[in-house]
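Scrolling down, you'll hit the structures one after another.
What follows is a pair of complexes built around chain A, which joins chain B in one and chain C in the other.
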Partner chain A sequence: MLPFPKFDYAAPTTLREAVSLLCTPGARILAGGTDLLPSLKHRLFEPSLLVSIRRLTELREWEMLPDGGLALGAGLTLQQLSGLPALALYPGLQEACRTVATPTLQGTATIGGNILLESRCLYYNQPVGWRDAIGGCLKCDGSVCHVAPKGKGCYAAHSADTVPTLWLLGAQVELVGPLGVRLVPISALYSGDGLRPMLLQPGEILTRLLLPPPGPPTVHRKLRTRAAIDYGLLLVAASRSQSGYRAVVSAVGPAPIEVRGESPEDLAEAAFRAVQPLGTHAPAPTWRKKVLRVEVRRAAESLKEG
Partner chain B sequence: MSSESILSLRVNGQPFRRLVPAERSLLDFLREDLGLTGSKHGCDVGDCGACTVLVEGQPRLACITLAVEMEGASITTIEGIGGPEGPHPVQKHFDQQVASQCGYCTPGIVLVLVALLRDDPQPSESRIREVLGSNICRCTGYTKILAAARAAVGAA
Partner chain C sequence: MSGRWHAGEEAVVVGHSGPKIDGMARITGQALFVDDLRLPRMVHAKFLRSPFPHAWIRSIDLSAALALPGVVGSMVGEEIPRKYGAIPVCQDETALAIGKVRYVGEPVVCIAAEDEETALRACRLVRVEYEPLPTILSIDEALDPARPAIHHDSRKPSNVLRRVSQDYGDVEKGFAEADLIVEESYDYPGSTHVPLESHGALAVWEADGRLKLWTSTQNPHYVHRDIARVLGLEAAQVRLIKPAVGAGYGGKCDPFCTELCASYLAKKLGRPVKIILDREEVFYAHRGRHPVRMWLKMGFRNDGSITAIDFKAQADGGAYSSYGVVTSYYLGVFMTLPYRLQNYRFESQRLYTNKPPCGPKRGHGAIQPRFALELHLEKAAQLLKIPADELRLRNIVAPDTETCNGLKVGSVGMEECIRAVVKSSGYAEKKGKLGPGRGIGIAASAYMCGALHPTYQNELFHSGVMIKVDRSGDVCLFSGTADIGQGSIHMLATLCAERLGLRPEQVRVVEGDTSLTPVDLGSYSSRVTFMAGNACVEAADKVRARLFAAAAKKLKVEDAALQAAEGFIFVKSEPTQKISFVDAVWLAEEAGPLVEAGGYTPPKIGNRFRRQSVGPSPAYSFTAQVAEVEVDEETGIIRVERIWVAHDCGRALNRTIVEGQLEGCVYMGVGEALYEEQAYRKGGILRAPSILEYKIPTLHETPEIHSIIVESHEEGGPFGAKEAGEGPQLSTVPAIAAALQDATGIWLRDPPFTPEKILKALERHRAPLS
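Moving on, here comes the complex of A and B:
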């Protein structure tokens, strides 16, 4: 049995109250808890206060925008989202929701929590005893990075399935904080620093995800060990327009990486040149790099046929 | 903001009111506070599905759910599905197909199938497999679990 550390809990009913509670030092939002709560059991962080979004009903609403886009509450579960008829016009996103974890977890996990999923690493997402045995690492309780001992930072991998597709779609997030409301494109949300992967200000809550009107279709590909449960070893989203092909690759560093190309082969070569997978996952980085070329090409080719 | 709260909820149709610390998992609340030990501690971190219960009819992992989050909720555990005297059709088919060995995964798998067959009485083979992807069994190799699930289609 793995106990939780001690913390306080609050379930505010208004956004204003939630923001003010979230300004308490050491406070953290609790959405579905499917990322946060296992991390607490592993003592990856020990928040003083969990601020639940359970009673913030506006976070579970969605609406069609006047321009034909969609506004989706951050507290909608991945199951609710993939079941929305309007999501059929965003096939890559629908597919990405359905590849997260397992159907049971998709019924609890929220889209907001997915966008803000902590970065992951073979040496970090482990029980306390495991991490103690290697003296921890830069990201938690240690002073070296086992992935890149000569490097200066942390390279823990961005691993959220929905994000590569959201990036290609040009989605934005609405953040409400003590200083007001701001809109940030998904492509500008990630810092590239594994220690602090999300560019959120203290006290900010992700309230809505804004999708532009449906455009050229996107596809989502996920390479994983088992067809269920597992996080991706590589995540690839691709789309095609008059100006050529685009792909966003993730699970290869703290932020996703975008590449462009004229043809599927060209796109695959661009990804192969731009992306260097590291030892953040169990399979050899050299193998992941080779398979990356194949995954990107196949993603682009499936658009060509469609 | 508090370190404990009074929790009111229904479990298997029966109302309960208890004082729980913020850091109590729903699984420990059910097992330790209510004595309902049918939901199992497997991995305890959301990987295996042994702790699955139904919250408002939807499968949820009790090991990574805070009990305080269940305020006002209606929960069904395996004890509320059926027992030796009145087994649920899914349980009956598990028995007939010998789909349990150690039985540790069984309550979670039965609950996931009960919810599936309620929402989709004629699920395709691929849907059954997709849904069973939520649960890990270390004993059976899944063949007999799938056989029990197929047999339960139409009977649940």
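Moving on, here comes the complex of A and C:
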């Protein structure tokens, strides 16, 4: 078994205390831990302090908002979330929750953790001996991006299953930090830089996810090698309104990409033109690009009958 | 040897279904694996491994590592200079690299500390200066004489470990007689075992000055011998114990650095040392399936009979030999089964490259050529316009025959297997008729039931079993076998219970302990049921004879009038005349302690070809499979929907375990067909040493498996049993390849059949001919 690096641990009971602890240099938040703990074991980062949110009970609450939308505590597990009766009105989101990893991990992983999932790459999410052998990478212990050696940045892929759908739904997140509370649309949360993929301020905690009232249905498709465990090779969410089709595609770069089109074919072509998958995943980028067109078209087609 | 189980007597325990006697301990966590064991003052050791595929080690500076608080000690390669290896004729590996590293991940330094985390951190503080050398990463590079020899210090430096060339009958004449000649090249990828439990060892030097070593191994006996030799000890100074093992699939046949370094450091530090590999390290320990490049030419008459086979195979073996010499023979030897063949020629080479060493993996050396041969038959069947099942049926070897390369075959259930899968799958009705993107395919295969020759030359028994019974009624069976999850404990308990009239759970099995248990050569070559099973029956029959003699005296009948069942010994003709098993033991003990032993030595099966020492087996198993697949022609994604597998295992001693083995073989075959590849990126670095990226099927990707047990009676097997642990995997991949061809029209001759490959091939297939 891989041992953990040494770290301090705190489990504050108030949000204020949690925020203050998170302002400690080297502190990191621990929610479900399903992504964080393996990353620690792989020595992707070695925080001095883990601040657990498990005693912040308010993060596991949810309520219906006066406008008919939902406010969901960020500490709800994906299983709790997908099991809420109200979530049937957001079928794409429900489906997305159920495609994360495995049912066991869905019972531990939180929605907040999924929204803030660290970006992933074939050259980054690897054991430490292997990373030493390739000399590290831009995101960890190295100076070269193996995906794009001549490029300027890090292209580690945004891989959060729930985000493409949340983006289409127009969801917002509530962030509580040392300077107060702010609301940020999901679509404005990601920087596009694989090194620091989330636009969070130091000490900020994602406390709630705010969904607008149910609108036109969204669909979620996840392309992966195996039907469980695996992260997505492509994540596609699509919706349809009077003005046409929209899709949000992810797992193709540090941030999701939105495209629009008048028909499923048109939408697929727009995605094909806008998105360039890279070598962040094992299958060849050329194959992922071809399949992207198929996946987007199929997502949109499945909305036709709705 | 035959008739030992008194044909005519009905088996009571043998042939039933039901859980293993050790199953509950495993699923409740009571079974103890190496990592569960803890000793007072125990320390943990970790390895620093090479980041270079091929380099001189110029210097090693341990000072910073040793200064870390909590570090207890260290060792470098020179401290165990003797070379180790699975096969005595080619031992070429040292516990830690000495002077030179030969693959990325090779262990260089071992550091012990109070806890694993400290040992790991200390390893990263070691400064090693390397001087990189040109690397040999492919078959072609290994064959290039201009490249440096990876084993520069061997007697005849060369990157060719072994070349085997054999010729039987008259191949050219066979081709001249052929109406159709089919010739193709195939590439089978390397893959690794992915046992649930990683390799691990715990060593302690006891107060009596002897070494006690617990290790997760498949071959306690061979490993025991080699560990003692390399450490310069008398074998009797070492007690090797195999605790519960979480699978091997061939990956735990060799001696390993874990065992050597834990033993050495335990002596050096005067404290028990535990070493458990992490998952990344298991990928470096490897000993997995050899990537093999193959060329196959076959001649057929119009009636489908095979006139000749010419076969060449080149195996990319990695940096050390492991079982590679044996592999080079296995690549060719089973091509003469299960089809009649008079003219056969094969040539193989096993090469050194700068990668983790390849070795035995389930179906050792036979999986790759079987893939080529069976897909070749599919092609030939289409060209000859003979159904693929029919082509096979026309060519099956007869029972009790000898193949052109001298394999002596006893029972052959091949025809029943083919007919069973064809019938239950509806193959004939479905072939070519399932519609776009759906297809069905068939393949067949044969495999050995135990290697006839041990890895070191000797004439002694291959399996020993000792049974001790006492007046308490306790039956304890001692065997040097290694249950690694496959069920050999239950197999032994079943056979013993059958002969003594007990239930399997009334037999305790102590196994895999080189001090307590009689020698058994280990869990490899599908030998355990056949060989240890026979030894067990012999030991049990000796106990039975003594019990019967005592009972006969008491019941005033002849021994031959007795039968044992359900805890009693009774008169066959008058079952109410009986005594209990415990009473019979009491009476038998009047003649002294009731301890008996049995052994199995394979029959001296002469082989006309003296060079053929690898491959001959006392018996052969047979399998047929049908696979049904669905292909998404827009994405290339393939799904194996269903597999029908029929296997001739001789007599099924426990049907549940046999079915489990069939399912396990199919599962592993599906992994190799669709996902698995021990692939390297530039610089000889594994593409992904983790089980997130090295994809093995989950339950979702595992097809619906229809297991069909075909029973033949093998004269020399215990109760007629053969094997079920490896043979059934051989035909999975070619059946899937044939189904893929039926579904799409494309021929893929290089597994794994990834969506990328399928889509590319479909695009070429669809492209208008220009």
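Definition applied: the second predicted complex is superposed on the first by the 306 of 306 C-alpha atoms of A that agree within 3 Å, B and C clash if a C-alpha of one lies under 4 Å from a C-alpha of the other, contacts with A are read in each partner's own complex, and residues count from 1 in each chain.
Methods note: contacts are C-beta pairs under 8 Å (C-beta built on N, C-alpha and C of every residue); 3 or more make two chains touch, one makes a residue touch a chain.
What you see is a predicted model; the values in this text were computed from it and never measured.
In the superposed model, A:V248 makes contact with neither chain B nor chain C. By the touch criterion defined above, A:A300 lies against neither chain B nor chain C after alignment on the C-alpha atoms of chain A.
In the superposed pair of complexes, A:V176 makes contact with neither chain B nor chain C.
In the superposition on chain A, A:A227 makes contact with both chain B and chain C. In the superposed pair of complexes, A:K6 makes contact with chain B and with chain C alike.
Using the contact criterion defined above for the overlaid structures, shared-chain residue A:I134 touches chain C, although it does not reach chain B.
In the overlay built on the shared chain, the residue A:K290 is in contact with chain C alone; chain B does not reach it.
Within the superposed three-chain model, A:A282 lies in touch with chain C and out of touch with chain B [touch as defined at top].
Chain A residues 1-6, 227-229 lie at the interface with chain B in one structure and with chain C in the other.
Per the touch definition, chain B reaches chain A in the complex via residues 1-3, 5, 21-25, 28, 41, 44-47, 49, 52, 58-61, 64-66, 68-69, 71, 112, 130-131, 133-136.
On the chain A side of its complex with chain C, the touching residues are 1-6, 122, 125-130, 132-134, 223, 225-230, 282-284, 287, 290-291, 294-295.
By the touch rule above, chain C contacts chain A in their complex via residues 35, 49, 51-52, 104-105, 115-117, 120, 276, 278-281, 284, 634-636, 675, 683, 685-690, 692-693, 695, 697-701, 754-756, 759.
Contact residues on chain A toward chain B in their complex (touch as defined above): 1-11, 21, 24, 30, 33-34, 37-38, 41-42, 49-50, 52, 54, 102-105, 107-108, 227-229.
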